[in-house]
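Letters are used for the chains, namely A, B, C and D, taken in the order the chains are written, and counting of residues starts over at 1 for each.
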Amino acid sequence: MNPIDKLTEIFSRFPGIGPRQARRFVFFLLREGADSRAAIIRSIGELSSEIIQCEECMRFFSRQGTLIACSICSNIERDRTKLMIVSRDSDLDAVEKSGAFPGLYFVLGGSIPILEKKPERRIRKDALLSRIEKLAELREIILALNATADGENTEVYLRSLLDSNATERKIEISVLGRGLSSGLEIEYSDPDTLKNALKNRSH
Amino acid sequence: MNPIDKLTEIFSRFPGIGPRQARRFVFFLLREGADSRAAIIRSIGELSSEIIQCEECMRFFSRQGTLIACSICSNIERDRTKLMIVSRDSDLDAVEKSGAFPGLYFVLGGSIPILEKKPERRIRKDALLSRIEKLAELREIILALNATADGENTEVYLRSLLDSNATERKIEISVLGRGLSSGLEIEYSDPDTLKNALKNRSH
Amino acid sequence: MNPIDKLTEIFSRFPGIGPRQARRFVFFLLREGADSRAAIIRSIGELSSEIIQCEECMRFFSRQGTLIACSICSNIERDRTKLMIVSRDSDLDAVEKSGAFPGLYFVLGGSIPILEKKPERRIRKDALLSRIEKLAELREIILALNATADGENTEVYLRSLLDSNATERKIEISVLGRGLSSGLEIEYSDPDTLKNALKNRSH
Amino acid sequence: MNPIDKLTEIFSRFPGIGPRQARRFVFFLLREGADSRAAIIRSIGELSSEIIQCEECMRFFSRQGTLIACSICSNIERDRTKLMIVSRDSDLDAVEKSGAFPGLYFVLGGSIPILEKKPERRIRKDALLSRIEKLAELREIILALNATADGENTEVYLRSLLDSNATERKIEISVLGRGLSSGLEIEYSDPDTLKNALKNRSH
């Protein structure tokens, strides 16, 4: 395969990118010239040399000196009684941006599709268990998963994985509230959302 | 103005319809022929002759004998301790379809935009007050409004309208729960929704 | 069926309208009140009493005195050597708006889907033939049909219907040019359009 | 700037990519692991080492031995009397895929926006002139530009650039035909397209 087709194929595996746009990326890089391509190559290379995974929450972060934990995990002001479990780094980013959560995180690295026979290969199961084990003051685990079939399936799996241990250590397991999200209109809400919104109504 | 242009103008005031589609409606009616147009005219006429507004919840319903209340309001099995306030008939339909609410309704007839100087001309204020007055067993008023700026403004207005009377009669005022609606992904949730979902998390 | 459901069903047969929007139309009419509904009824009624079909081009127009032909057909300055055949009144409107065509029209009243066994029930075949017969000075018939499968099928049908008579009378049959439509980019053009654009290139 | 932010910025300059999707690309690359990133780096590197620009048509192609012309330009069966000028490699790809053009190409490398004061910095003007000079048998230059304001402006520029020389050498300059593109419906066609379709009607 020639380099144009090969790189087109690589780009078409990027999230949300089809073969047509992948090809436009390749032509874009060709037009941009060799210097620009060298800069991209350098920058992708730095992901390998400078980005490490936090040993505690498993998120990716920029290596700083000899630190092995990220800026959140090593921040002593974060509330160590609360651990939020998210699927992906981008979910963690979204929650951090909301400024609503003062605790710690764990990034699963994925979610578990329905009918998946080997759930443990989709998420960082062992790292999660050892993370929870080490958090001596933990009082609450918040499952912050997508309100989708995959997210709900992941919730079921995590509850069965964590329940007995959590009960023993008196750690509460909670999930994000379901209801009307910002901008939603009653008329266009699906029955499930309305049921949840009614059940979770606040006084 | 000729009848084609006149009817085009009328249809273009229909919700969600622009002048182009309005004109297509007119040509559609022309092609359909006189019988078909007569059927539409009859059917619109029946809205005036056969549809009445329920004197209790204010929704529109099909007149049946001498009943002045709709099938919900006259159903003695509905829970008369709960009243849900919605903006529109279509909101009521959506909630009924979810099957999640056993109580009674009141249809405001609109919502109150921010900066509206005369809120009472947007909603059925007097009918609402007299409706609440008559419900002797009422224990909870649920504000089921859109999660939009208008909906929130309407909530503020209704709370100030109803609060003192509700306190006196020990009626609780509640609002639909905010959080993740079905299908929503964490990564694409706005900060407000995440804050609400975290605050309303369930254990 | 109650009048709300009945009218919902009628509106959902309007072009481009689903059951949900149809219902919103009904609630809109209910909220608008009886006067507004009476105005709509009057306006639809006027389609029957004031709009007639031009006996020559078959388009709908507003009756004026005792005229039986529309303003285009009765305009002696229109070029009577050219007849453009379109599927619908709205197509005629679009062409008139472009100001590019000085001749006369005929509105087929529809198009012929592929596999239609009785083409003549889809279009005004007899009216078309008698229209052409009456135009003594006719030199060109322009088929202005959609660039879709139905449009192409209609073209095939019309050519076989008109060809022998046209040859005899030395009337040319032409079709609208195919090529790049305004705004189209080469990269996103389908092969057929590029082939046509190349074949019809102008010097 | 840390490598995640730096690479996010680079990706957000890719055509059609915003900062959010750019960030998803970076997280995707992080999750994919070091081997996968090495493969991408290698593949981008090959654009510099293996892809060269054809000295004749200026398009990018995969170096093969010591050839300096691409597979089209070095194909002696292509019709050397016709030269099609396109803006981009992707336009050339689209035309080749249609199989409708047997001649040679020249890739301008861009188009000329309206009000651009230095058109020559947007396109490969000198390369174009010398390409035309060398094609001794040339009889027709086809301008295959987008049917957009930029495309039309580029056409005006190229005509004034090429006209006198073309007249002298008896080379015809043509442009792709304008009209209905596949799938377009008369009712939704803009006036310009209808004018062109009527002017370019075929008999």
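Things to note:
Throughout what follows, contacts are C-beta pairs under 8 Å (C-beta built on N, C-alpha and C of every residue); 3 or more make two chains touch, one makes a residue touch a chain.
Bear in mind that the values here come from a model prediction, so they are computed numbers and not experimental data.
The greatest centre-to-centre gap from chain A, using C-alpha centroids, is found for C.
Averaged Cα coordinates give chain A a centre that lies 40 Å from the centre of chain D. Averaging C-alpha coordinates per chain places the centre of chain B 54 Å away from that of chain D.
Taken residue by residue, chain C touches two or more other chains at 88, 90, 93, whereas all remaining positions touch fewer.
Interchain contacts close the chains into one ring where each touches exactly two others, per the touch definition above. Looking at the complex, you find that chain B touches chain C at residues 2-4, 6-7, 10, 14-16, 21, 23-31, 34, 37-41, 43-48, 50-51, 60-62, 88-90, 93, 109.
Every residue of chain A that touches chain B in the complex is listed here, in rising order: 86-88, 90-91, 93-95, 97-101, 142, 144-148, 151, 172-203.
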